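Per-chain numbering from 1; labels A, B, C, D and E assigned in written order.
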């Protein structure tokens, strides 16, 4: 144990942790949405994210950008960001919908038990990541430096970069937009209704299939954004990137209270920061262990996560 | 040594056998395995081409690089009586699990890359190692940091693999007080965000980071270090000597990264290996492709010399003294490379994106 | 090897509860107390119980007691706190204040299964069976409450396993017969009709060998003819020596079967007495019964 | 434990089987067991034999692999299928069993000086250790509801892996070598040697049969009923007098025990283990096997365990046109999982009680 | 005819719940459906609202064939149901539950008006406006289910045992409410165990037995039918 590792680096560890946490949170929103409505741990969500990380790379590739390119000027950078985001969002959204249509909808039609969904989800996840793995020869792909990290301001020994600000802001904005949508809009109420009692929801005039598709789509969109941010922050992607971050994201979703959008944000940020602290104190190898210990401890005191479930069906 | 034999009957008599590659061809470690397999296969290809027939067949066995898979695959290898020798297993872990099986079947093995020190002390008679073990490479890397880089503050980290951790430990002990701080990361594919490590490196004031691990993680770390504005030098062992590193990090970031390797640069051998490899596989030779190429040639030479049983071939390995493209090979009693031939070179990534020979490191 | 549990003669008698048509009064003193017998032993005592959910006071200083062998009615308007009272008695909720004593022993803070083993069984307002298990298995789960077969004796099929398995099965079949659904023993309970499911719940509760059986609106969704059957069933249960606590909104049933009634309103007890007394109580009429057409 | 009436009325092979008198059933079971012991020689059966045996991996070894996968599937089935507790970290128990053995027997272990046991001596100790691990995991976490438990168990397995990787005592990637093989010799040669995996398979099969008998006894008893009741409605079960916590803990402990058995066998055959084996994907794979086969019934779990091990192994050395299927085997496997689940949502061999429901539900296709 | 059901059969897997039933409900009528446990009353309701697909037969609503129409579209057409088991959204407040009832409607002012009406009908709901639906008592949930069904201003209101779990006084009230909304122009199809009440308020009624309609007539006719009296009204 090395507390000086934490104390010396407290500020920077917090900031980088928040940025990582924001990505985790965006990713976690997809788990939380789908879980909230279908009570399904959508294992394939990690591959929805994975495809997003490759989609924006592909889009940038069309501009001739690769990991060896020089950082672009502000004008082109905005263009690239936009294009990258759009590509990732489209691909991730489409992937999420495809998974829903190919893997889950047929099961729902046949009234399959919950575990069956979990297993198809696992199958879909395995399939996608393996296909990507074969296609990329399991190599890493480097990301072009679209945004050159530049310090924006410094507090003490802590510099905050433009990229970190962008990531954190984007996560907050998306979370609040989603929150407003789910809790404020008519369609959002439909989502909650399907979550709590699908039959009754139909009796209220809610189109269940559309709501479910919407939920997958929204989760996909968030994953797409998370994917672009991930690419920029980590700088590299690989066929198993989704699986790896997926576990963090799912942990974050549960930590905050699965089915609870704000919980996902809180859980993600908390996890990101905590992992960094743990890496500071115990060494980077303990970072994931620390997040699970945190999870267990929190669940022991709050069995439904920090903020509890909100989308999900409360026990009648 | 036998010299070239143009005797038709002799060579025909020594045909119809197989040489096997045993290692990861799929799975997350496939990359390293494939590099080695392709080097191995290239050698046999060239041999067969020279013969004008498929004299020696290639047999590939995919262990996925996993110790848990290896025994079953090893047993199926052993069942093929035409196999005279094995290049592999590449990783130390799977070697532990598979070598006892090869030992009991008496099939000679030459590993081009499994560098765990203890492998040679198990009493396996079929075990041969075509590279120096971790005990040789670590001191060399430390010497390079001290003498060539002249760094005074060094950060040492590793990925906790048997290989990476062992290497880092040696480096650490050799560097002594130069080490300002240490850290460990998770293994390949188990961690992608190294911001905590990067931060620690930065705040430690180190001008050099030695990372015991493979190029996969190293590429990400290199990139994140650069993105965070760290200006020091990243160093590593043979596991990082792969163009994959710069493919991940971007050539710009990778330039200047130093890797050591208990092998000499293939260009130095003056052969056509580099080009031949590229021509055949449409990609650059990677880590240990050259050693595997040499290992295959050691076997081929032995077979050519009429050692057409596993026992004979194994005996032959005791006496072999073969000059290949990466090194000269002569084995000790325990199957280690003869200390006299242990060479450690430093390689440096340049703007081509690959590690080019820098200097030979004196280890004494 | 001792017997699975010490059985008092009357409990033993209950084990052999006979089918509908054969049901004959046992003639044992404890099993058929005279109506309105005010002196019976106190079985359950609800002592100044208050239960709050945040701002909602679901039970407000409620006290009453049940005597051994009686059929006791708990009635009151919707949301008066009846189900909450059940939940407090069976360990689902813990009272904010006050005590609940069963056979003289406090049950507050005890685990649900301990309370059941102690002798209180219940049904649920919304049927809660084990849907994928057969009717017989559902009842056997109840019967297991008093079994002592351990994991080890089940694993190695020790004599106790055989003994208890056999007696449990027999007893469960008898109980199914007793509530009139023996013909559905092998059917998955999910497939039973609503009425059959309610009966099954009663059989399952009886299988735990209760001293006190709590029924939460057992007649909901029954038509008058079916309610009549239920009334008979409840009587027969009481006749085997089980004390019955009944929540019900159907006044004909309540008035027809109970010995004593407590009326709750807004979590407070507003009346207590015999059916006749309660029926004529103006407070009860105002709060609950209204114009007594339904009770006609 | 299911009512015989409904069991017998179901059609198909199982229906036929259920209708036979006990001695015929006994003979059928016995024949099946004998056939299982003869599996290593199936390659000698003309025509079909060569189709069945694996190519890239030694067939007896593949069989041994199947045997410990089946063990794990059987154990996980107790936890997930019977008690309804979603455990995503089952590999943790497998790891504890294997590490327990290694710590007690491997010369690399810090305990070796004191113990230096033979494999057989280490077995009970390792199994007790796993059961304790099951209880340690279960005690604080079994209060949690379904999917929360899932993530916590996943975390447990990850923590075990990380601890194994990062502590010097457990030697991480370096692992433990020279773990002794099971004892016994035959004509001077050790039965459990290095090159021949058949004895290991037989050992695994024998253990499987014992486990099947034990689990079956539990299933058809008060214990099994309690598990089922917990799975169906935990609160109602508790109100009916089921000590839910105790039985959940038992389910965990028994699951852990069986998983530990798998680990012990694994360590004994491999003679080398390191932290690389005990990854999360392994747990998930076994879970997929249990559900694919048909959770809540042992035939299904066994089939599932066989499939998750056999499919990837069988795809070795197969090629389709010019492309080696090799590299695609996990992709194919993923697609196969989806296909199987979509076609048979209750698993390949649905549990008997669910089989009755399966056909019913299928017809109720609600308009989407 | 607002609703015409022609020879509808429906099965739950192997369990045939409806064996070809035909019934009609005219514009402005209150029609009651009575029968023993398991007769198929709720199943009929589910067929009409679209929660269960029918195997055979046709259902016509307002002149159109809706047999294969999705449940949510039927709501838009004007069919609303208070289901058996109440179907409350447990995590939504009482108010949100009621607002869900108006999901297909757009005009805010009208929705607010109806919300107030529901609160006037069931003052208890007003008291519990912010309480989560799942924590209401059984009877309170029943009120909420009926109130919610009214929120869509349906043409046809399907009530499945609306009096179940209600206290005697409220039972009176709920039947009064049914008559009242009917007079305001809503057609009602009512399933009831409380046959006495149902028959005396209904214009017409059907008797279901094991998935078949065995009798039909005006409410008064059936009230006085000896067989009906015997089976469903109980001995008074």
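The rule we apply is simple: a contact is a pair of C-beta atoms (placed from the backbone, for glycine too) under 8 Å apart; a residue touches a chain by one contact, two chains touch by 3 or more.
Which chain is which protein? Per UniProt: A, D = Branched-chain amino acid ABC transporter permease; C, E = ABC transporter ATP-binding protein.
Please read all numbers here as calculations on a predicted model, not as lab measurements.
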**Q.** Chains contacting each of subunit D and subunit E, listed by label
**A.** A, C
Q. Where centres are the averaged C-alpha coordinates, which chain has the largest centre distance to subunit D?
A. E
Q) For subunit A, which other chain has the most distant CA centre? A) C
Q) So what's the Cα centroid distance for subunit B and subunit D, whole Å? A) 37
Q.
Can you compute the centre-to-centre distance for subunit A and subunit C, using the mean CA position of each chain? Integer Å is fine.
A. 50
Q.
From the mean C-alpha coordinate of subunit C to that of subunit E, what's the distance rounded to whole Å?
A. 31
Q.
Touching at least two other chains at once: which residues of subunit E meet that condition?
A. 12, 15, 50-51, 70-71
Q. Using the touch rule from the top of the page, what residues of subunit B touch 2 or more other chains?
A. 160, 184, 186
Q: At least two other chains touched by the same residue of subunit C: list those residues.
A: 126
Q) Quick one: in the complex, what on subunit C touches subunit D? A) 90-92, 111-113, 116-117, 121-122, 124, 128-134, 136-137, 140-142, 144-147, 149, 151, 154-157, 161, 164-165, 168, 185-188, 190, 204-205, 208
Q) What part of subunit D is in contact with subunit C in the complex they form? A) 1-6, 214, 217-218, 221-226, 228-229, 232-233, 235-244, 250, 254, 353-354, 356-357
Q.
Can you tell me which positions in subunit B touch subunit D when the two form their complex?
A. 25-26, 61-62, 66-69, 71-76, 78-79, 93, 96-97, 100-101, 103-105, 116, 118, 122, 160-163, 165-166, 184, 186-187
Q | Residues of subunit A defined as touching subunit B within the complex | A | 5, 8-9, 12-13, 16-17, 19-20, 67-68, 70, 137-142, 144-145, 149, 157, 233-236, 238, 240-241, 244-245, 275-276, 279-280, 283-285, 287-288
Q) Of all residues in subunit D, which touch subunit A in the complex? A) 80, 86, 140-141, 143-145, 147-148, 150-152, 154-156, 158-159, 162-163, 165-166, 280-281, 284, 287-288, 291-292, 295, 327-328, 330-331, 333-338, 341-342, 345-347, 354, 361-362, 364-366, 368
